[in-house]
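Sharing a structure here in structure tokens format.
Lettered A, B and C in written order, each chain numbered from 1.
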Amino acid sequence: MSGGAIATDQRAASRRRRILVDSAWAYAFLVPAFLLLFVFKILPAIYALYISLYRCAVFCPFTPQDFRGLTNYTDILFGARAEAFWRSLSTTFTYAAITIPFEIAFALVIAYVLFQKIHARSAYRTIYYLPYVTSTVAAATVFNWVFHPNYGPVNAALERVGIGALTWFDEPNGVFAMIADRFGATLPDWAGGPSLALASVAIFSIWHFLGFQIVIFLAGLGNIPAEYYEAARLDGASQRQLFTRITLPLLSPQIFFVFTIASIGVLRAFNEIFVLTNGGPLDTTRTVSMLVFRTFFQQGQIGLGSAMGVLLTVIILIFTLVQFRVLERRVHYG
Amino acid sequence: MRKLSILAVIALLIAACGGSTPAASQAPAATTEADLDITGPVTITLWHALTSDPQKGALEAAVKKFNETNGKGITVEAVVQGNYTQLYQKTLGAIQAGALPDLVHAYESQVADYTRAEVVIDLDPYLASKKNGLDKASQDDIYKGYYDTNRFPQYGNKLLSWPFTKSLAVMYVNEDMLKAAGKTIPKTWAEFEEAVAATTKKGADGKATQWGFAFNSDASYFNAQVFARGGNLMAADNKTVAWNGKEGLAVLQMYDKFNKEGTGYSPKGFDFQDFFAQGKLAFFFSSTSSMPFVKAAADKSGAKWSVANLPQADAAKAKTVQFGANVAVLKTTPQKQLASWLFIKWFSESAQTADWATKSFYMPVRKSASDSAVVKEYWSKVPQGKQGFDLIGVSAPEPNVRGQQDIRDVVSNMITEVLTGKAAPDAAIKTGGDKANQILKDAQ
Amino acid sequence: MTTLRSGLSKHLFLIVVGVLVTYPFYYMLTTSLKTFGEATAIPPTIFPLEPTLENYPEAWSKAPWLRYFANTVFIAVASTLGELVTSVLAAYAFARMRFKGKYVLFAVLLATYMMPAEATLIPNFVMMSKPPANGNAFFPILRLGLYDSYAAQILPFVASAFSIFLLRQQFLSVPQELQDAARIDGAGHIRFLWSIVLPISVPALVTVAIISFYGSWNSFQWPLIVTSNPDIRPIQVGLNAFRGEAGSQYHLLMAAASFVVAPVVLLYLVGQRYLVQGIARTGIRG
């Protein structure tokens, strides 16, 4: 053996030792975080599956006679609980559909205007951001008051312009049905649209999260090189063309990002609905999260509630993956 | 104090020896946990749903008085857990978490749910206990209906809760408006509909400026009307509902009619109480426990008002809903359970229940309360209190079966459907009845 | 000229949006200064005709707000500090150390990040329960017995996959030469982390701290279900309880909402640079 080989061996040994020492330190560093994540995230996720196999009313001791296999799932998907579940799922997606496009469109326009060289930009940004930092419970309490059917200023304004008072968060009738009703037409039930109560929750949600989206879009706009605009202007592009040909495509990563985050946020929405409508009127705002809460906390059905939670998780995961797949291809990463 | 503890030891010794001798085992009442003594300081927690004054304050004052005067070292801590629904949610959570309060304020059907989890104490031994129970005269002094509602057919007719914040469904009448319309308090449903139409006024634009009636989508008032129309809420075997018959339909039809005619008002929160006091609303159905709020508003506006039974189909069989919640003792330790019983027993004693009735506007649980000087004085100031009290005899409880909590939501949704035009009364009552029967089936 | 006009129209647009966005706050504050009679006047007054400050002491006296605030501050500070410690350590390990199973553990971390809270709500609640006394139960998984305690409100939020990602990203940007130089000087990982990595990562740490603090301050669903004792209630649950107690006394409710909102708004105005940077960089939406 040559000296060089011995030296290499020695070096390799000392490297191995260092890796070993490093590993020991690394594991020590990881223990606190992973222990907690294991106890409060990973273990409960497995436990959720376990609980969802049991059916007991009010109190669950998980005795063998409470074990029901997959009955909870079949009940939720096809059986006695199916109507409530599918309805809440459709409510959830309706809520997403009437919230997210508006959130994105408003935020995009405002961010675009704000991004132009404009005085007091940071003052505007500070103001727009206020709703987002306000707690949902407090903000929703205020909204209930602003939209109060008798004393609220919104209805006072509507009365003045001749539209008349609406019952907002108490109104189970569909928005389209109500509009048609104004013109003396009657729409079939399926065409009635989301209840005004759900639409009112959506208004709250758009207001509450506007600042968040604006900040993301401002960051994205800051990444678009100014030369692109200059070159396009030299070619005689109009303001509108600048926006549709340059800004929109180059902002697509942020739009995609906001879309994903907002979808997940809406699928999980609980606090604002709990305060604003508590799932009513006539269950028209009972999203899946609200249904899980009610099943678990008001009907004492922890197995059924857990099964619904598992299904919601699966839906959120599928939704996220599909979004990534579909949108990834269209998104222009600048 | 010392003498007392010696006595307690002797009592315990006798009790302990008693079991072993054949002679003693023939004694009529076996010694149970209900016959213990409080041996040291005990603190018990009462979860309740009285969120606002005067009721909240009245309860706190009563608890303070008990803590200062019970002489056994019992301390009661009263904790508000939100409204009845929130309290129910919290209690279900606490049952699951194994962290129960000692006493919980609850409606009968909620007690039925808690009993399902085997956490509710049977109060019969405590009531019957020679040492800690109530004597015959006192037992008879408490209205029979209050025992009936707290005995649960699904659970061997055991006494699982105790009357606490009792009230009745009644009709509030704005006398000024009635007089202006030249009507008297309606006794039948036909008279009622006439009076509602006569007290409604509409402006030039066709919108009502004052209403005859305010809707209430709470299930209890629907139930009260079913009673008043001669119907029943449950079938005799407690397995299906009975409110989905012609009486229930008549209620919904009347609501539908008032709604379409614009004579009925759909309240937003409790604004109808203000409208009532301002002379913009002639009738509404509510609990007698709304009295403090109505009185406060009416005192301000000077409106003349009274309380009467709902219109009846048959005056000879007049009936309304007896409701208001009860209190259940939960399974903790023998000492705490006994302390809890001693508190609720004290609370229902003549002096306390009379005092409670005058301060909280709830109904006293004892007949003898009507002889009490405090109550008489209160009635002289609030004649409506007496008007309510006189109806206790014709009040009957709502179902205390498991599933009733969900059924209440079904009833309430049914009314909302009719009022918002989403369903016709006959369709609404049919689907409502089917849903309720399904719930009952699931809860078996 | 055109630029001036378009500048004006832009400002006009932004001001209209600003008015719409801030109007609820304005209405909250003005209602809190009105008497009950004026608060329920139809139509509502735009500005309080007889402004009064009396609603504030009255609302304040109707619930143990000081206790709620103290609880919230305690819970928020404890979980934020805890989260900083666990995240710094784990992020450092992922960014600057070599060890076996790094990629597996990183994948696990990613998985926990994807796991929505709904999946773990009920099991976490069950885990917080006490073991039942009647003993007829079969429990394969541990019972912590922390229901209705501060710990139940703090511990689940002491570790966060998100913060670990964020800090890892920051720590990766520390030049390797610094680490090599430190090692030659004989400094171990702890000294390197403490005296070099952390000082240059202050902005990222502040971002993590602010986001964690906000999350804790505004958390509602979990404390709502896991507490029943008002003495350990955080502010949002307290405000929700007060909604029920105040009933239709909106002038009091708006006064309460105002003093609940005030501290976070002040904190935001002071620390908005970090918060906005944090959002822009990480995109957390709460």
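Here is the rule we use: a contact is a pair of C-beta atoms (placed from the backbone, for glycine too) under 8 Å apart; a residue touches a chain by one contact, two chains touch by 3 or more.
Keep in mind that what you see is a predicted model, and the values were worked out from it rather than measured.
Of all chains in the assembly, those touching subunit A and also subunit B are C. Interface comparison, A-C versus B-C: the pair with the greater number of contacting C-beta pairs is A-C. If you average the CA atoms of subunit B and of subunit C, the two centres end up 41 Å from each other.
Mean C-alpha position of subunit A lies 17 Å from that of subunit C. Those residues of subunit C in touch with two or more other chains are numbered 40, 125-126, 132, 134, 225.
Multi-chain contact residues of subunit A, defined as those touching 2 or more other chains: 60, 148, 150, 297, 302. Among the residues of subunit B, those in touch with two or more other chains are 93, 96, 118, 271.
Those residues of subunit A whose C-beta lies close enough to touch subunit B in the complex are 57-60, 80, 148-150, 167, 170-173, 281-283, 297-300, 302. Subunit A makes touch with subunit C in their complex at residues 19, 22-23, 25-27, 29-30, 32-37, 39-45, 47-48, 50-51, 60-64, 110, 113-114, 116, 118-119, 124-139, 141-143, 145-146, 148, 150-153, 156, 159-160, 207, 209-212, 215-216, 218-219, 257-258, 261-262, 264-265, 267-268, 270-271, 274-275, 289, 292-293, 296-297, 302, 305-306, 309-310, 312-313, 316-317, 320. The touching residues of subunit B, counted against subunit A in their complex, run 85, 88-89, 92-93, 95-96, 113-114, 116-119, 266, 268, 271, 402, 405-406, 413, 416-417, 420-422, 438, 442-443.
Interface residues of subunit C facing subunit A in the complex, by the touch rule stated above, are 7, 10-11, 13-14, 17-18, 20-25, 27-28, 31, 39-44, 85-87, 89-90, 92-93, 97-100, 102, 105, 108-109, 111-112, 114-127, 132, 134, 136-141, 155-156, 158-159, 161, 164, 188-189, 214, 217-218, 220-221, 225, 235-236, 239-240, 243, 250, 253-254, 257, 260-261, 264-265, 268-269, 272, 275-276, 279-281, 283, 285-286.
Within the complex formed with subunit C, the residues of subunit B that make contact are 47, 51-52, 79-83, 86, 90, 93-94, 96-99, 101, 118, 269-271, 274.
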